[in-house]
Structures are given as C-alpha cells and as structure tokens.
C-alpha cells in the first residue's frame, strides 16, 4: 500500500475530493496545516507593528491506497489542485506496511476498500 | 521502528490513550483531522441552503514504537477504539528510519522509550 | 528522499524555521498538534472539577528533503528546538518514494527544491 | 431513575395537599380593591423602559453567552437556541394569559396568616380578565408608568426564569421537551408564584409579609428548585462525572457574566417601578453585594485550590446578584456586603463540594447558584431589613419573625415548584421522552437537534 | 451584468421622471411654519438619551456581530470594518449636512395628494439651514427634549440604514467602493426619504398620511431596495450557489441578534420622542411581534425541514423587528402578533425559496429580511392601525385607503431608492470598480483589504 | 531596570515636594459649605441610573473584550480576570473609604491659585465622614438625584480607571501584584485626584478653573501616566519587539470597542448629572469627536501603510472618546470635530511611531491612547470651550489662560500619578515581585495564574 500525502490550497479541497471520489477513492483524511514555501506570504499590520505571515493556510490530504492506484490518484490530485500559480502544493508518496479497519479488525488492502 | 497512525472517533481518544498507557506506550501525538469515508455525514441547513457535511471530525494519533511493540499497540488501539459502527477509523503502519529526542540528542529506540 | 517530522514546543517554531531557512530548506508544512509524553501536563479547575490536561500543545513540522540533506536538517532542528527541558520533542525520519510539485507536475528531487 | 422516583414518592403527599387546597380555595368569595388616581411620570417611565430593556438584555444575549460558553462546543447552539426560543415563547404566553394569571387581582382580599380556604383561588393565581391583554389600554397606568411598560417589564422576568433552568438539563434534553416543559412550567409554576408574591393585597406571600423585592422566590428559588428536579429527572450527561467537561469558551461566559451584572440593575433597581430613592439604593446595594460575592468566591478558591479562576469570579458575581435580589429594596450597603460574602462562600460550597458529594449533574449549576443563592439571600433579607442593621423595613425585634416568614416563602416555593416540576417532567418523559438518544448526545445537540454547527 | 443592465433599462424612465419633478419642484414657493413654546422634560430627555445609546448599540456591536458571524472567517473583519466605518462616516455627514437635508423644514407647506410641483423642492429634501449644525444651540428644543438629543437620535438611524445594506454585498465589495457608495447613497437616498417621511407638514409622505412610526420605509424598505440592487450589480460571490457558504460563527450571530432585539426598543419606543404611553405601547408591541416572528420562522423550518435552527429563530426575530417598526406607534398587541407571524412566514419564504428561485446572491439576506419584512410591516400597518383591530390610528372604514397609502409609500421608496442606488453603483463600477479581484476574494477581504486577520 | 531607576531619580524631588506640601496642608483650618434644598427629579434620576449601568458596561464586558482580543490566546482570561476582579475590588474600596476620600467636602474652602498651605489637606483629599457609606441615607440627594445613585455612578469611574492601566502590563504581571497595585493606586492616586477635580469649591483643580467635564485628568491622563510607569517598571514582554504579537481575536476587540463607544454616552452625558441640555450636547459632541477620530486614524493608516485596518479604526474611536471626555461639557459640534481629528492623528503617531522609537512595551497602548489622547483632549478643551469657537464656557480672550490651566492640570496629574505609581510598583517589586516567571510567561497566564483555558 501507498500513502499519498497532498498539500493543497484550501479552496481546492472540494474539487480534489470530487476528483478522487470519481476515480473510486473511498476514504481520506484531511488536516488543516500551515505551509511555508516559495509562495510569498502577506503582510499584516497591527498598530504599526508589521508582521509578515510566512505560514500560509493549506490543507493536507492523506490517502492510503493499494499500490496499483498510486499513479491514478496522484494524477487526479495534481490535475484538480493545480491553478498554475506558485503555492499550489506538493504530493508525497510513501510506503505503508499495513492497514487495519478498526470496526472489523480486517487488515491489508481490504481495510481500505 | 514503526509509526502507527490511527484515525479514530474523537470521543474515543481518552479510552485509547488509557489503553496505550496501560501497555507502556510513553508518548504519542494527536491531531484533529476531518475524515471522509463510508460513514455518512450529516446535513446542515442555513436559511434554506442545504449543506452536506461529508468531512467528519476525527482524531489522528501518531505513535512511534519499536518494531516489537507494533502488534501489541495496534491491537490495543483497535480494541479500545472500536464501537462496531461505521466510521470507527483505520490504523496504518509504516517504517520509521530514525528517531531523535530533541532534549538530549539521543537517537534510535532509546529516543522513544 | 526523506521526510523529517519534528514535534517541537510551539514557541520554538520561529527559531526552527529560521535555522532551516539558513541551511537552505525551501519548504515545510506545519501542523498544530497535542502531545502526550513524559512532560507533565498542568491542572485545570472548573468549579471544583479538576481536569489534568495531559495533552500539551506542540507543533509538528514536516519537511521532505533529498537524502543528502537529512543529517544537516535533523541537526539544525535539534539545535534550534532544544531548551534542555523535558517535552522538547522528537524528530522522526522516514522514507519518501516520490514527490510531485502540483503547479508544474515535476517529480522527484526537483519537486522539492 | 431510582432517585427520581424516590423524589416523587417523598413529596407526593405534599403535592396532594397542595392540589386539595387549591381546589378548595376556588369556592371562596372574591372582592374588589380600590385604586387612587395616579398620573404618568415621564422620569419613572423613562427608567422603566430602560430597565425592561436591561432585563431582556440579561437573557439575550447575557445568560445565553454565560451558559453557552460553559458547555461543549458541539452543544453551544442548543443552549443559545433554548434561551432564544424561550424568550419568544414566554413573550407570547405572557401576552395571551400569563399577565392575567399573574396580575389580575380580581377577587382578592387581604387575609391574615396561612388561611388558605378564606383567601380563595385568587390568592394563589390571577383570573382571566387580561386574557390577550384585553383591557391593557394604551392609556392605562400602573402606578406612575404606562401599564404597557409594566406588562413588558414583568414579561422579561417571566422570560429569564425558565431560561435559567436550562442550565440544569443542558447538553442532553430534547429541544421539543424543553419547549413543552417551559410552557407547562410557566403556566403552573411561574404564573401562580409570581401572583402570590407580587400581585398585592390578598396574595399569599404578600399578605404574610414575606419580603421579596425583585424576585428571590419568584425567579431564583423557583428556577433553582425546578433545576434540581430537572437534572435529577433527566439524568447525568454521558460520562459525568468521570470524563472532564471543561467550558469550551470561557471568554463567552465572562462576557455573559458582565452583561448579567449590568442588566441586573434593570432587574433590581427596576423593581422599584420608579426612578427614585428605592431604585437608587437598590442599584447601590446590588453593586456592592455582587462585588463582595465575587471576591468571596475568588478568595475561597484561592484558599482552597491555591489559585483563583475567572470562572470562579464570575460565578461568584452571579451568586451575589442572585442573593441580593430579594433584599435589594430593604437592605443598606453594609447588609449588602454581608449578603454578598455569604452568597459567595455558600454557593462556592454548593457548586463544588455539595454537588460532587451528592452526585447530581446540575450541568451549569442552576440550582447551586440560583437555588442556593436565592435561599441565602431570602433568609438574610429577613435579617438585614432591620433598621439597626442598616436596613429600611423592619424593627430589630422582628428579625426572628421575619426570618421565619422568609423561610416559609422559600419552603412553599421550593416544595410547590419541586412537586409540580416533577409531575410535568414525568409526563413529558412518559410521552415524548426528555432525553436525546445516546448517539445524538455524542454527536452533539447542535447538529442533531438543529442541523447546524456553532463554528466552522 | 446582463441582469444589472436590464434592471437599469427597466427603471430608467421612472428615474428620469423623478429627476424632472425634483427639478421642477425647485421653483415652488417656500413657507414658514409656527411652533409653540415647549419646555424641556427631563423624563423624556432621559429616555431619548437612552434610546439613542440603544440604537447606536444596534449597529455597533449588534448588527456587526449579527452579520460578522454569517460570513466566512476570512471576511469577518471586513464586515465589522464596514459597519464601524459607516458609523463614523455617517456621523460626520449627518453633522455636516445630513441633519439639515433631512430636518430643515424651511419652505415647507402642507399640500394635499401627490401634487409635486406645488409642494416645492422642500417637500422632498430639506434646506441648508443647519449646515454644520449651525443653529442647533445647546438650549434649542425639539418638542420636550434638547435638539442635540434629537439630532443624535436621528443620526443613529442614518447610521444603521447604510450598515444594513452591507449584508447584500458582503464578502466581495471593495472597501473604498463601500465608503463611496455609502456616502452617495446617504446623500441622495437616505436624506431625502427621511425628510419626506418625518420632517412634518409639507413633506410628501407625511402629508399623504402614510404611517411609518419608526422607519419602515426610511430604514428598512430603503435599505432592502438598495440591497437588492447592490447584490445584483456586484454579482454573486465566487462559487455561489454551488459551493456551500455556511456561517463561520453562529454564536456571534445569535449574540448580535440579541443585541438588535434589545436595541430595537430604542429604535421603536424611542420614536415616540417621549417617555409616555406611546413609547410604552411601542415597546410592548415590538416585543410581541418579534416573539411571534421568531416562533413563526422556527415553526416554518420545523415543518418544512424537520428541524428548527437557531439561525432561523434569530432571523425570524429580526424579520419581526423589521415588520413591527412602521406599525409600532399605531397597533395594539393583537395586531403585533399577526404582523409578527406574517413577517416570520413571508421572510422565511423570501430568504430561502424566493432567493434560490431567482438566483441573486443577497449574501446575508438584507433584502429578504429588511426589504420584504419592511414591506409586510408597512402594508399591515395600514390594517392594524384600525381601532376595531386593536389599533390607535384609523377607522375601520379607512383600512382600504390606508393600505393603498402604505403601498404608495413602499413603492415610491422602492423605486426611487432602487433607481438612484443603481446609478450610484454604476458610476462607482465604471470608475474605481465595485468588486475586489478574484484572487483577493479567494484570499479573503480581511487580509487583502485591511491587512489583518480575525483570529490567530 | 536602568530606565525605571532613572525615572525614579528624575522625579524624586517633585515627589518629595508633593509629600511635604501634603503634610503641611494638614494643619490648615477646615470650613463648611452651605447647600440649598434640592428635590429629586425622576427624569434626572432615570438618566443617571442608566448612565451608571452604561459606565459599568464599559468595563465589563466592554473594555475586557477590547483588551482581551488584543492579547495572545493563552493570556485572554488573565485580562478578563483582571478587569473583572478590579471591578469587584474597587466597588468594595469605594464603599469602604473611596467615596469618602473623594467626595467628603468637610473642611474645604475656596482658595485662589496654587496656595497649597492655605487650602488644607482637604483641598487634596477628602475626609473620613462617609467611611462605609455612613451618612449616605436612602433619602439623601446629590443635586436632584439620590446620593446612592451618585455614589454608584462615581464608583463606576473608580472601577474603569485602574482597569484601563491593565493594558500596559498585560501578559506578564502577577495576578496578586495586579490586585495590590490596584488597591494602593486607587487609594493614593485615584481618590485624591478625583477629589481635587470634582469635589467642588476648595478643591485644587476646581478652584483653579481647570475644565474637566467627564474625567480627562481623573480617568485618562491618570491611567495613562500610571500605564507608562507600569510598563517601564514591569519590563517588556518576552520577545518584544522582535517577535510579532498580533491580536488573537480582533472580533472580540471590535465588539468591545462598540461597547465602549455606546457606554461612553453614560460616561460623558452622565457627567451632566442630569437629563438636560448639557447631557444632550455632551452626547452629541461625544458621538462627533469619536467619529472624527475613527476616520482620522483610518485615513492616517491608509495614507501611511496603504490600507486601513479595523484595529486602527477602533483604536481611533477610543482615542476620540478619550479626547472628548474633558471637553464634552464645554465644546460644540465643530470643536468636537477638531478634537476628534487631532486625537486620531496624534494617538496614531503615539501608538505606532513614538512607541516603537522609544521602545517601551505598552502592550495594549494604554498610555498611547489614554495618556496621549487625554492630554490632547485636555489642552483642546482650553481652546474650544471658547464661545467664539462654538464652545460654552470661556471668552475668546481667555483661551491662552485656559490652555495654561489645562496644562497645569495635566502636568500635576501626570507628575503626581507618575511618582506615586512608581513608588507603589517599586514596593511591590521589592516584596512579592511584579512579574511572573519566564516559564509561566511562556506557558501563558491563564493556566499558570488561574488554572483554566480560554478555549477548548
């Protein structure tokens, strides 16, 4: 199994989820995160105290899939999340050794399908 | 070392933590996440605008353990977090290459015990 | 590629980010988490109901780097995040198989540099 | 359940007795009172318009925020919704029949002592003369203010009282059950007690000389008694007391407490129904007692737990406000200090030690603060109304008698309210049920009862 | 854009006609009115000082919170900022020329019917006598209160009206455009309508006998009409209606609603400009209608969607407050119930079904609640002012005529305001532009317009 | 520390001088004033009851929210707690001896000029006649209102003044130190300054003819001076100014600002102690100056930084409210505009550029807004009180003299308050310590001082 982690712009979440649903992804987990990268942050100003916000709101998706779904899922995310502007985010792929569905105790690929 | 990631229902957090403590787990990290899966979300309605909330509040636990603790930890989580209802969550296991305790700089298994 | 996950004390975030920037890290992702560990939590008291807060606010950094940067990055984090007090946190290292930059579709090391 | 049934049995006799005397009283003969010719005073009217706004402000948003901050974030809207809908519902009920049941003085005649039979039904509950506010003409006066203002002022009291009870059964009661309970409780408990205390000659408490300037019995003991019965009947929240249930947003609670304090000037100084020395002194003693109670609770916490908390400070303030309520027309500044200090310490004990010892789940301490604080205030009113103790009402020699009368007032209210509340809740439980399902309780009342979320 | 151009064409004729009559009217002859010698009444003054504070309280923080909670968290400060800055801006404009344009009665003379030409310009807008409040001496009185108080009281109405419109274009309009729009709209719409309704003999609506006690036309229909035009001109929010846009913090909205309710006593009972029976009855009917509307909306939701929501309850309350506003000086309690119920149901329909059907993006339902609720209230004022229906103003036989007059009042306000608002918005759009860039809208107005964030 | 010691030395002489004259003054002979027989006016009383509620509302929840939103979320409760407990504490101190020290006029006699020795101690501080409010009978009047109302009204001023200072040392001072500081400061600074300004003939500022209608010196310059000394003595927050410390919840701050604005009507118009033309004009000019300052600050930000912020707008509003305070009884609308604009610009400069340049950490700008704004207001009061500039008090020819007097008032207050505050803080620092440990500061005051958390 593979874990696909995608860091995307928050307003793209809905579209990415649709894209993933449409290729049969059954589950995913979403976390609100702050990203630091090439995308310039904005300035905030409080009574003359300038404050450059370098950590920008992003959303992290984690999707564990069977090995054969990997390419399809990554492509779907990249396609749906892209705006062509800096800061669109990253997708990271890593290995998962096992998965268990808590409700049933099933493990392996069946736990995530 | 292994990283055990568990996505569970929020109200089960306390019980799972107790279960893990009782088998000697020394540390863990908790993140509030939103989960999308088989569990149906609920409807919200604001001045006639219906809004199906498909992302449900979940809690993610991350526990890094030595290889030999893996089974015991996974079992404890599955047991404590299960309600038998859909949406109980998943446990994922992956490999961790190294761990360092920041305070002391120690690394390897000793960093997490 | 390697994923470095660091769990640190929140007030150290700025310093760690500076340290990483100064050694050329281009991007990272930050999550607010709660940590349970050796560090004792504090007591809260509401109308006589005592409540020991065992989950303490921490910040998790995730940084994906090329293999050769690993040591440097881990060292920088440990140095910047350490206060010598219990609860300073951990650094975990794991393998990443692939990375994709959403904006361009580039993958591999180039996606994170 | 065992507890609640037990409660039922224990008081069944008293309830029966009450029912009998009420029916018996129906046969007594009514009589008419005569009024002098008053004229409108714009100053008094100005103040009472303001006081009315202030008392409404106590419930929305004051009490709503105070309570809303204390619950779990998944239930915050349910509390706000209950307070808001109760405000609307009580307004209509008051308009339709509440004012009449409380303030129609038809057939009332002054009677000495507890002579129930002689007093007639209208010593206990008003008639139906003002149904739908018929007869409340634009030009009608109550004292020196328009009756329309008096109606609205009193309405705001009828609003806040059931809203206070919400604190006892928060986080687990069905919304429909809340509305039905509030309606029945208003009708069978609030209206008669209000009548007995404030409708004038011929009303039970009034004739007896029980002192309750601004609603210690009518509002606080009444709400407190119902709260105790309600939290016993509805049962504990899932996980109480093992699982910690800390307030989800104390800034909200502190904000609400500030609003309650400010609004309470309308409550107490407004109860003078004039902009005069009584109103002025009521405001002053309200301020003093509240401050004293705040510091008393803070000190108690500091001593007992080593640190004072803002939740303690604001709860102390509310305890002080509650306790000074019945006293605010008859005590002076020094009496106010003592009342405040006593309320702070005793309610601290009730809301922390006592509650834990007895094990009931009065979620937001509606009984612990309003019931207990109301009792403390009512009793001490009997003491500090004495002129030698800085009060304005009774002789030093009469303190003993007055304290006894105050006790009678508390006891009758407590018992009557407790019994009738029990019956109402039992009926609801047997029909539509009081409590949401366990699953709904876990998911939270906001989503399951109202399909919305407090925060996104 | 097609919609908005269309709107422009459709009403261009009417606008032209209006312009012509206003110019024509300039040539008519002014006349002077005589005043009796009044003296200051401290009670009336006390109440009006309070009422002024209450109406200001409606905007800051009342309306600000009500609206602020409804938007996305990235736009919350922009809404608060708009309300706050409008408060400051309208205060200065009112001081400099607004009060004069609205309440300078120079050259006014009572005229029957719609006789525009005879009436003269000052039947439509005031003169410049009070520029910079020259002539508003410390000792000057308006009725029995200092003119300074009257100026400030009326100022608070001039503040809240443009603030209400913010609800229509929230989350997408440029801050600079908001300020310019508010300034022009205040000058060319608010001031003249206010003058026509409230400045006395010689003013169009006044002479016609249109009943508007506390600002149904001046404030609510006026704001509602502008809101509708504005949301059409500014266009939908990105993603509306496909993407859900739930309120980011309903506790804030409910808090604001409570404050609006309380503050509205100043609005309606303050419109009596005295602490008398009119004020008292205005307060009572305001309370009743609001409660009825709250319950009506709640019931509508319960029936239609299976569950009642707190957003529904508080929106219903505001609808009731809006609808009772014009009626609050002339209807009795029973009329208030009917008005409240009607407003609750009809605004529920407008803000849910109608808005969805027509597809405009009135973000926070400024039109759906204030426009529609204002209309319902204005029309029913014509009915329940009748003495046989518990009202205090007209004969049963005159209901038909009064309803017609009320309709005229609504229609003239709606059309005039709609046309002028359209022109103003068009001009702004053609010059600096109405709307922020798409990128700014995505990032949120707080950061892009004000460089700050609501929550850290 | 070096800074603070330096400060101490610099003013040591003046302090010594002050101490000497106070002791010297003790030997002078007291005299009695005669009063006319006033009667109670219900309208005046109604307004003053309301005004009292409004001023209390300024502190809880107004100022609490304003300040609470500005700090880090881990310290929000500590700020709310400090404001709330100060409210309670000052209430008791005022009751026990504060009112007496401030308003006992025993032994006062009008004296020309600065003649310290002749004036006697009671020109600087009141006697002990009203200890425990002995002698404040229910029927006693102050002017046309019950003395009980006057006592409570003035009490609310004594509450808000120390609460304002909290802004300077927020996020790092020990809770116990805050309470001790407030108690001593109230006793040795607030009470005497209040006495000198408002107790009437024989009081220093009063005799000199310094104009301070509603508390520019007593409240704002006083609080501002103490704030400056306090933030120097307590030292900077950990990480200031390198680490950004953005407000954790600006919606809270804006809400608080709205409440301050509304409540300030009680403060300024209430200072007329009547519902009359003075109150009316005070309300009007308060509204105007506040609006002008809001827009001035907004404009300054827009010009200097390219974008206006809501934090700027609300801070400007508070600056305007502060500045108009001393002037509100003596200036007209046009003076109000100038005062507002000046306050907006100058406080903008003080809270941004000046603070950064000098490097002190006045966390929430208590000095920058209240000290500086109070000074601007006090000085301009001397100008715009002139009848030829629309004011109501002095002749054009006397502007120079009046400005000088105003300056004297500011200077004496600033120096006296600064010196005594320094001594008090020093004493506390040497005994229990002013500041929490570094570890506690990192963890946050909510948990370490009060064992609770603002948000769960």
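Each chain gets a letter, A, B, C, D, E and F, in the order it is written, and its residues are counted from 1.
Please note the rule applied: a contact is a pair of C-beta atoms (placed from the backbone, for glycine too) under 8 Å apart; a residue touches a chain by one contact, two chains touch by 3 or more.
Please read these numbers as outputs of a predicted model, since none were measured by experiment.
A.B. asks: Out of curiosity, which chains are bumping into both chain B and chain F?
C.D. replies: A, C, D, E
A.B. asks: Which chains sit in contact with both members of the pair chain C and chain E?
C.D. replies: Both chain C and chain E are touched by A, B, D, F, going by the contact rule given at the top.
A.B. asks: For the pairs B-E and B-D, output the one whose chains share more C-beta pairs in contact.
C.D. replies: If we tally the C-beta pairs in contact for B-E and B-D, the bigger total goes to B-E.
A.B. asks: Please compute the C-alpha centroid of chain A, do the same for chain B, then give the distance between them in whole Å.
C.D. replies: From the centre of chain A to the centre of chain B is 18 Å.
A.B. asks: Using mean CA coordinates as chain centres, what's the chain E-chain F distance in Å?
C.D. replies: A distance of 37 Å separates the two centres.
A.B. asks: Would you kindly tell me how far, in whole Å, the mean C-alpha position of chain F lies from that of chain C?
C.D. replies: Whole-Å distance between the two chain centres: 46.
A.B. asks: Scan chain B for residues touching two or more other chains and write them down.
C.D. replies: In chain B, the residues touching two or more other chains are 31, 44-46, 94-95.
A.B. asks: Mind pulling the chain F residues that touch 2 or more other chains?
C.D. replies: 41-44, 46-47, 50, 246-247, 249, 275, 305, 307, 309, 311, 451-453
A.B. asks: Dump the list of chain pairs that touch, please.
C.D. replies: Touching chain pairs, listed by label, are A-B, A-C, A-E, A-F, B-C, B-D, B-E, C-D, C-F, D-E, D-F, E-F.
A.B. asks: Using the touch rule from the top, collect the residues of chain E that touch chain D in their complex.
C.D. replies: 41-44, 46-47, 50, 54, 73, 246-251, 254-255, 257-259, 261-262, 265-266, 269, 274-281, 283-284, 287-288, 290-292, 294-295, 298, 305, 307-311, 313-314, 317, 332-334, 337, 392
A.B. asks: Can you name the residues of chain C that touch chain B in the complex?
C.D. replies: Touching chain B: residues 2, 6-8, 31-38, 54-55, 58, 60, 74, 77-78, 81-95 of chain C.
A.B. asks: Can you tell me which positions in chain F touch chain C when the two form their complex?
C.D. replies: Checking each residue of chain F against chain C gives 243, 442-443, 447-448, 451-453.
A.B. asks: In their complex, what parts of chain C are in touch with chain F?
C.D. replies: 11, 14, 42-46, 53
A.B. asks: Name, in rising order, each residue of chain A that touches chain B in their complex.
C.D. replies: Residues 3, 17, 26-31, 64, 94-103, 105, 111-112.
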